[in-house]
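Chain nomenclature is as follows: A, B and C, assigned in order of appearance, with residue numbering initiated at 1 for each chain independently.
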Amino acid sequence: MRVSLFVPCFVDQLTPKVGLATAKVLKKLGHDVEFRASQTCCGQPSFNSGQWDVAREAAIRALTVFRSAEVIVGPSGSCVAMMRNFYPELLKGTAHAEEAADLASRTFEFSEFLVKKLGVIDVGAKFAKKVTYHDGCHALRELRLKEEPRQLLRAVKGLELIESEEAETCCGFGGLFSAKFPMISTAMVQVKGGALARTGADFVVSADPSCLLQIGGWLSREGKPILPLHIAEVLASDA
Amino acid sequence: MSDAKSIFLKDATVNAADGDQRAFIRKALGGYYTNRDLQKARYRDWEMARDVASMAKWTAVNDLANVLEKFVGNFERNGGVVHWARDAAEARAIILKIAEDANAKAIVKSKCMTSEEIHLNDALEKAGYGVVESDLGEFIQQLRGEAPYHFVFPCMHVKREAISELFTKHLGTAPTDSPEELTMIARRHLRQLYIDADIGITGANFLIAETGQISITENEGNARLTAALPRIHIALSGIEKVVNYLDDLSVLLPMLATAGAGQPMTCYNTLYSGPRKKGECDGPEQFHLVLLDNARTRLLADPEQRDALHCIRCGACLNVCPIFKNIGGLAYGTTYQGPIGSVITPHLRGLKQWNHLSGASSLCGACTDACPVRIDLHHHLLHNRRNAAKESPTLFDRLFHNGFNFVIKRPWLFAAGGRIFRATLPFLQKLPLPYMRAWMKTRDLPKAPSQSFRDQWKNQNV
Amino acid sequence: MSDARSDIFARIREALKVKAPKPHLKGDANAGKSSVAAKPWLPEGGDDAEGSLLILAEQLAKLKAVLIRVPDRASASKALADLSLSKKWKKVAFHGHELLRPIAAGLSCETWEADASFDKQRLEGCDAGITTCESIVAQLGSILVSSATSGGRALSVLPHVHVVVAEAAQVVPDLGAALALARARHGEQLPSMLSFITGPSRTGDIERILVLGAHGPKELYLILIG
């Protein structure tokens, strides 16, 4: 299959290894992977801030960028939820409504794509570490992905998956929310990060790199011995 | 910035930093999660029950004029008196007039958030009536002179020591650290008050159109006593509480209890259809119902968010909300706290003043999943944000997002800007930039890589 | 100036000119028909009488209500007399009902037919209130009392203990059946109060810790005959 990557803007700039790992896994499974450099941001920051006119422009741009793509795979539940669920809402009643629905049907979150679209659970990865999984809210509640990433992790050789008591609790990122209401956001990540650290896992793994920015940022500041890692990085690992 | 917003920011910031209080709230809710899951597991299909419950409310709310008319006709046929109030002031005036006409002195109330909404107690006290809240939590809050913290669990934030001190101060009772003894103190204190009261004021959870009954849900028995012993019963309800059929309750009552409190049913679910009937030995001589609009029709006029009027005030959305749990109910400054409060308050009291509540959410969606009547809560927060941005855009937001848009529309600029951003990030982190400073106060940023993904991809695939 | 009623109706009619979408349903579109008699998505209420009784017993136990099953009216009398002695009741109020009168007559303490000469102060001084009921809901452990069949509004909630005496045949599987039965029995003349009592009065208002007997009865007994 020809897979067109959607790489979130902050992954592009801050954690490119997540994008590279995503491509690596897909290539390993025998797919053609392309990256269309005309893509930038999905528009979610503006959408969540109520600036729907601005977000609409970003949505229409994405429609153009990915017009001919067979499938679009993004290593981010959040950005994929934006494209899948919120583009159609943004473009409802416009000339782009139909195309938005079409794009939505071709866009997949990475773990969802592997499990639901490709039917792959074991990608042949090895990762002899203890990990705990963080459900990003968009992956969990907008895309309804709960078991898929866990299935993939359980199939990784040597990996021990430990559930955290707060697995489904929001990390408090929420995009600009984390900076507009920093104390609330921090209180939330204290609850989240505290529970993750208590699992004794070496890594907190998620399908949402934005959550990992928040969780990782707090864990690092607090000096907790648990590191953030994207699920694609785990699946790309062979050691 | 609106007054409401600056107060909110101050209180939320203080509370979010209070680790002890936050832990206390989380612990208090611990039993709820366990019980709720046990009760939900008894449903053969909880999701289907949610469908049915939401459709029961949808059908009534979307035909509100006819359903209300039918309800009122049947209610009056049962011997009750209906009063209409466009706003809080009218509702207060109606209730004061009933009290005056009845030559009443003492008033006992059971829990009614609508009465909080219209600040009824203040008005009654100013007019010289003795008013006592009979729900234990409301009673405690009344003694504390504080609004309810949670619209189902009004004093969940108060520790037993503080309640003991409060009772010692106001009721002269000996100190105790036993919740049971504290409850019994309130029980003993209130018994005679029910008997002596001239008027009992309650809320209503459902108004049943086909029978003209009102339904009241409670656990303590105080609403039962309030509607049984005084000679006049006044119920106060929003116009949206109506449902078509009595049988709708066979779904709504258990779901309300399970979603809101983790119970199979609350202890007392009572249907009233009029004052004491011929042949009945007790009950009030008069039964009044005050039906309140108070901007509910404004919410009704918004088809996108009309489903917020489906709310059965179970409190499930508060119980699962990480914002609520971390900032506490009082910080909202609203009658209705939590996600539902953040959705409806801008409609009821003004978007410009109250939109910050919609902003103060990570949009995690736990509330929407918890809602037994499927209100699209967290998406409505997005709708409020959109409406506010349209209605009263802030200069900063416009500059920020248009600037951002200018960059992301031009991939070359995005790439170039990204390069500068990465190169200067160690320096930027130290500057008092908006957003950056807020982030850096409690969190680190990853070390910026020398090459972006797009650069590395280009190099790899050349 | 127009009156509040017509204003509010005008606002409602104006507001509803624009239709709202249906909620995002998970199931089929027929979900809206809540009058479907069987509601196979709610908690189970039992397929037959025996099944219902089993569920009822389980629910009542969880609610901390006490179920006493007796074969006939004579044993119901005895059970109540035993209870009265063990609890050292001094004054007991009961609903004037042909089922309850002989039972009350068998008590050694002071008894009072509360609905014959209602007095709320006197009722407050009673240790227990004894009533019949409309029906009993197995599904939820709820007992439906009414102002018509349970001695008014206060008898079942003001005394510190509430005892319900009922026939096993009064057990219905679910809430819907109880509501339907009450309507069939009373027709257009519904009692001014119908109340589902689900366990003894309770509160969790202090630190969310469960305490029984907030304002209503601290103890609830169901003596089920047959």
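Please note the rule applied: a contact is a pair of C-beta atoms (placed from the backbone, for glycine too) under 8 Å apart; a residue touches a chain by one contact, two chains touch by 3 or more.
Everything numeric here is computed off the predicted structure, so don't read it as measured data.
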Remaining connected clusters, assuming chain B were absent and nothing shifted: A | C
item	value
Maximum centroid distance from chain A, chain identifier (CA atoms)	C
Chain nearest the overall Cα centroid	B
Chain A and chain B, separation of their C-alpha mean positions in angstrom	32
Distance between chain centroids, defined by C-alpha means - chain A, chain C (Å)	51
Inter-centroid spacing, chain C versus chain B (mean Cα positions, whole Å)	28
Residues of chain A engaged with two or more neighbouring chains	none
Chain A contact footprint on chain B (complex, rising order)	9, 12-13, 16-17, 19, 22, 26, 322-323, 325-327, 359-366, 368-369, 382, 384-390, 397-398, 401-402, 404-405, 407-409, 411, 414, 418, 421-422, 434-436, 438-439, 441-446, 448-449, 451-454, 456-458, 461
Complex contacts: residues of chain B adjacent to chain C	28-29, 31-32, 39, 42-52, 54-56, 58-59, 62-65, 68-69, 78, 84-86, 90, 134-137, 140, 153-156, 158-160, 163, 179-180, 182-184, 186-187, 190-192, 195, 211, 213, 219-222, 224-225, 227-229, 239, 245-251, 253-254, 261, 263-277, 279-283, 287, 291, 293, 297-298, 300-301, 303-304, 306-307, 310, 373-374, 376
Interface residues, chain C side, partner chain B - complex	3-5, 7-9, 11-16, 18-27, 31-32, 34-35, 39-44, 59, 62-63, 114-116, 118, 120-121, 124, 139-142, 147-148, 151-154, 157-158, 174-176, 179-180, 183, 189-211, 213-217
Residue ranges of chain A touching chain B (in the complex, touch as defined)	7, 9, 11-17, 19-20, 23, 35, 37-41, 43, 45-52, 54, 57-58, 61, 137, 140-142, 168-174, 176-191, 213-214, 216-218, 220-221
